[in-house]
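Look for subunit A in each of the two complexes below; its partner is subunit B in the first and subunit C in the second.
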Partner chain A sequence: MNARLLLKYWRTILVVAEMTIRQQLMDGFIIFTVLFQPIIIALLALWMLKGKGPEYAIFVVVGSGLTGLWSSLLFISGNSINAERWSGTLESLVALPTPFEVIVFGKNLANVIQSLSSMVLGYFVAAFLFGYDLTISQPLYFALSIFISIFAFISFGLIIAPVFVMNPGVRHWQNAMEFPVYLLCGFLFPIALLPGWTTPISYLLPPYWAAVALHGTTTPGTPPNEIFFAWGMMFVFSVIDLLIASRLFKLMLYKARADATLGME
Partner chain B sequence: MNAIEIKQLQRIFKTHTGVIKRTAREVRAVEDVSLEIQEGELFGLLGPNGAGKTTTVKMLATLLIPSAGSASVKGFDVVKQADEVRRRIGFIFGGERGLYWRLTGIDNLRYFASLYGIDPDVSKKRIPYLLEMVGLKGRGDEFVGGYSRGMKQRLHVARTLLHDPDVLFLDEPTIGLDPVGARDFRQVILDLQSEKKSILLTTHYMFEADALCDRIAVIDHGRIIALDTPGGLKQHVADLSVVEVETFGASEAIIGGLRALPFVDALSVEETEKHQLLLVQTKRGAEAVPDILAALDGQRLGRVIVREPTLEDAYIRLVGGAV
Partner chain C sequence: MRIFTNNLRLFWDGTLLSYRALFHWLRPAQYVASKVFMPLAQMFFFVFLGTFATSAANAGFYIIGNAIQITAVSGIFGVTMSVGGERETGTLPYLFGTPANRLVTFFGRAFMHVLDGMLGVVIAFGWGVILLGLDLSHTNLAALGLTIAVTTLSTCGLGLLMGCLSLITVNVMFVNNFVYFLLLIFSGANVPLADLPNWMQVVSYALPLTRGIAAARSLVAGAPLADVAPLLWAELGVGLVYGLIGYFLFSWFEFEAKRRGTLEVF
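So, the complex of A and B:
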């Protein structure tokens, strides 16, 4: 793939993300999922941990933002292809020269960006409503962690969407998949509090490594090696996810064209 | 080179019936279709519901994989070279869906222009041009959800022309449009033809096909049963006249009895809320009227006229009056 094509795809991704955000700003379910639900979680957690100190507060702010990221990935990115089918636009998108995974990448980028805004809102809630003096101990590493986490979440979302399309039964488990990941990935409290047998499951989930990196960079005294390792794991998972997604998209589109499931007749 | 070449195309759908004991069933939507469409030709594909029109178009538009046979668009195979085909085609399926209702008309076009890989500087000029061409100048900033059906259909045309495709597939594009909207839309189709686009049009409206198409194929049960110019197709019924009889509440048995008369070549019924219009094709012309009226004895009748056959009558004869 040459640089010119990459630039073209990047431009397309940005337009897809912009149009996705414009549409989602008019959708109450999405506003609730990516903005209000994380804020509610942040408020409850901050209330429960009241008096525990600002290091807990920043943990909650970052953690509630991660819950928004996972929920948007699971519900909005996961359903993004089906949503196109329901609105009758899937056929138009498939019959385009742009690879379909590039379009879904742009949609996932929009979802992730919106979800991050809930982290910013959580920060203001903790700072102004609860009066915490919040500091990020390693701001540069935090910014890099955000960037790498976005990429990891988007890549993971690229697997979820075609899986949901090819196996409609899996979608019935969507609700059941939301909270366990909050817990297993240590979004709101460390996984050390969970039974030991769950730890290997956490290690296999890319959002866990995003939580390690983001919590690590906001917690004073976290050794840089721990953060670098989490970055490395996110990178490895992203590459694996992208390779799997590339195969899944080809398979999904071929199957949809063979089984006549692109439209909604 | 032909714009479109189809050889022995076939498409079988596999469905299942039953809940506890599931039984697999095959539906042969397209049985055996072969045809060629020339560059710059406006080609019509006519047929009753379920005849295989839309399935054929979807295979050509790379949205369905054929079960057998082959098809190419501008020399590119629709299965093996789908990406090359997609760069050269545009398609419209009738109806309001397929657009983003929560975006404005301009944003819809900007979105699709980006997906077609059109340079932003080019699309900035092309989008206003297309909006003007389809009669949506000044309405591009409105949300598509507020558009009328006709406006949505026009926006579909603008979307489909963004990348200036050589070949267009228009699948029942005027369905559901009001008469003025449909007339304006037909003018858009003629304008596209004057730009030397190759167009495959499917429609249920015979007068539309008659007025627009260079050649027409009639498809029934997945097979081409006739292929000719509109004038050539009308020759199929040149020896016939059509007796139109308006009836009010004629039963199936009465109509069946009329259809069975030896001088009736074909009979179709157009139902409205208030009345039925029986279209009787016969070689006997006006002489058949007394016998037809005798067969309808006791029925409440309206006007009775005898006229020359149209393309619709040729179509009815070809598909056996099954409309």
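So, the complex of A and C:
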């Protein structure tokens, strides 16, 4: 996956994203993962953090939205290739002249955009149900952070999907990977609360940098340098993820064709 | 006597086979991931969030609440899938075609999950003591064990009802997940019930787990069994009501499915 492919196939990516969103609107599990679960977590966190003051409400809105983004990436984007396999369309997609990773990129784009709706809904819950006055202290930087985070999440998802396909053993741990990332990435509380040895692990996770950027742009007084650094880290991780994903897709398709196991678990 | 022995054998065979069938397609790694690591990670997340919200001194409140709440993994997901799995795997017509006692068959689906759920809670308390410094020195451990057993039974009662509903709905996982996450709010595991609006408190007391969690907190604080006995009886009662509603629905669905010829229709 590289910038040339993204530019050449941008229309394909958008069509795949549109079709994915339409299809997933009918799936109860996906609706729960991208919408209901983050809202329930937001409600819980708003009650739990009530004593911290109204300024934490926006922190909860952003943090619970990030939990939705990660869960969607893990369960929906992670299974984006397997889902085609289960529905018997994988062989046809692989046989298309369009590179397969372009299609998965479009599917991941749909998942990430869908998940962001939970952040919007969380905003309304906090504002209308709890009566908080929510303000984003640096709106322009926040919008840019959202854009960069979307790219970072999609790129990360491009690694997860082929890894789950090639290593069913890893996919068995899918359920156990959800909450540790909530913990390690500081979505709803600072990672300083965790034991010191976990900090380097947090630094290696792109969602952590997304949380730093998004929380930073909504919290008054965050120095711009901190936000720029988080953007830089997301950019670096995205490039690395895309390079690794490119290799993984080649390897996956080669193995599937050589072993004739494309549609088999 | 012969009828009793037959029903006992049916209960045991049914409970064991349905549990083995449920985990047949899972590998040990998936069991450990779903039943050990996932609940523990969830517990740690809410304990850290809770201590961030209040103070480290309140860690016990969140550890106990979330440790007991772990029983819902077996009680809701496990039991529902044991009952609903009959439809998914196409074995429902055979089950309804047997002359087996329905009460024994139905409640047998939950038995192994009760044991499994209790084990999960004990593991969670173990991690709470070892890693999070939960103090059980003033706790009547036998009474705590009884509380865990009663709460697990009661949660499995709700699971049996959900399992029945899974026989008539396509979105089983949506319903399961929704109930599981709502319990995180309504059970008082993470938010003191007094902080919830009145209507939510009413709902909380109509659900399993709520009284079990309250009883466990009292016991860890040093209360004797006699003090929490009313909570435990009420918890058991709530579970029994859900289980019986589930059983009657199960019987009704069987009757209707046979009458309309809609067995396994999705």
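Operating definition for what follows: the second predicted complex is superposed on the first by the 254 of 265 C-alpha atoms of A that agree within 3 Å, B and C clash if a C-alpha of one lies under 4 Å from a C-alpha of the other, contacts with A are read in each partner's own complex, and residues count from 1 in each chain.
Criterion: a residue touches a chain if its C-beta (ideal position, glycine included) is under 8 Å from a C-beta of that chain, and two chains touch if they have at least 3 such contacts.
Given the structure is predicted, the values throughout are model-derived calculations rather than measurements.
Of the two partner chains placed by the overlay, only subunit B lies in contact with A:E91; subunit C stays clear of it. Contacts of A:G221 after superposition: neither subunit B nor subunit C is touched. In the superposition on chain A, contact of A:G131 is made with neither subunit B nor subunit C.
Look at A:G196: by the touch rule set out above, it reaches neither subunit B nor subunit C. Subunit A uses no single residue to touch subunit B in one structure and subunit C in the other.
Residues 13, 58, 61-65, 83, 86-87, 89, 91, 93, 95, 97-103, 107, 110-112, 114-117, 120, 159 of subunit B are the ones that touch subunit A when the two sit in their complex.
Taken together, the subunit A residues at the contact with subunit B in this complex read 8, 11-12, 15-16, 19, 22-23, 26-27, 87-89, 91-98, 103, 254, 257-258, 260, 262-263.
Interface of subunit C with subunit A (complex): residues 26-27, 29-30, 33-34, 37-38, 41-42, 44-46, 48-54, 170-171, 173-174, 177-178, 181-182, 184-185, 190-191, 195-196. In the complex of the two chains, the subunit A residues touching subunit C come out as 28-29, 31-33, 36-37, 40-41, 43-45, 47-52, 169, 172-176, 178-180, 182-183, 188-190, 193-194.
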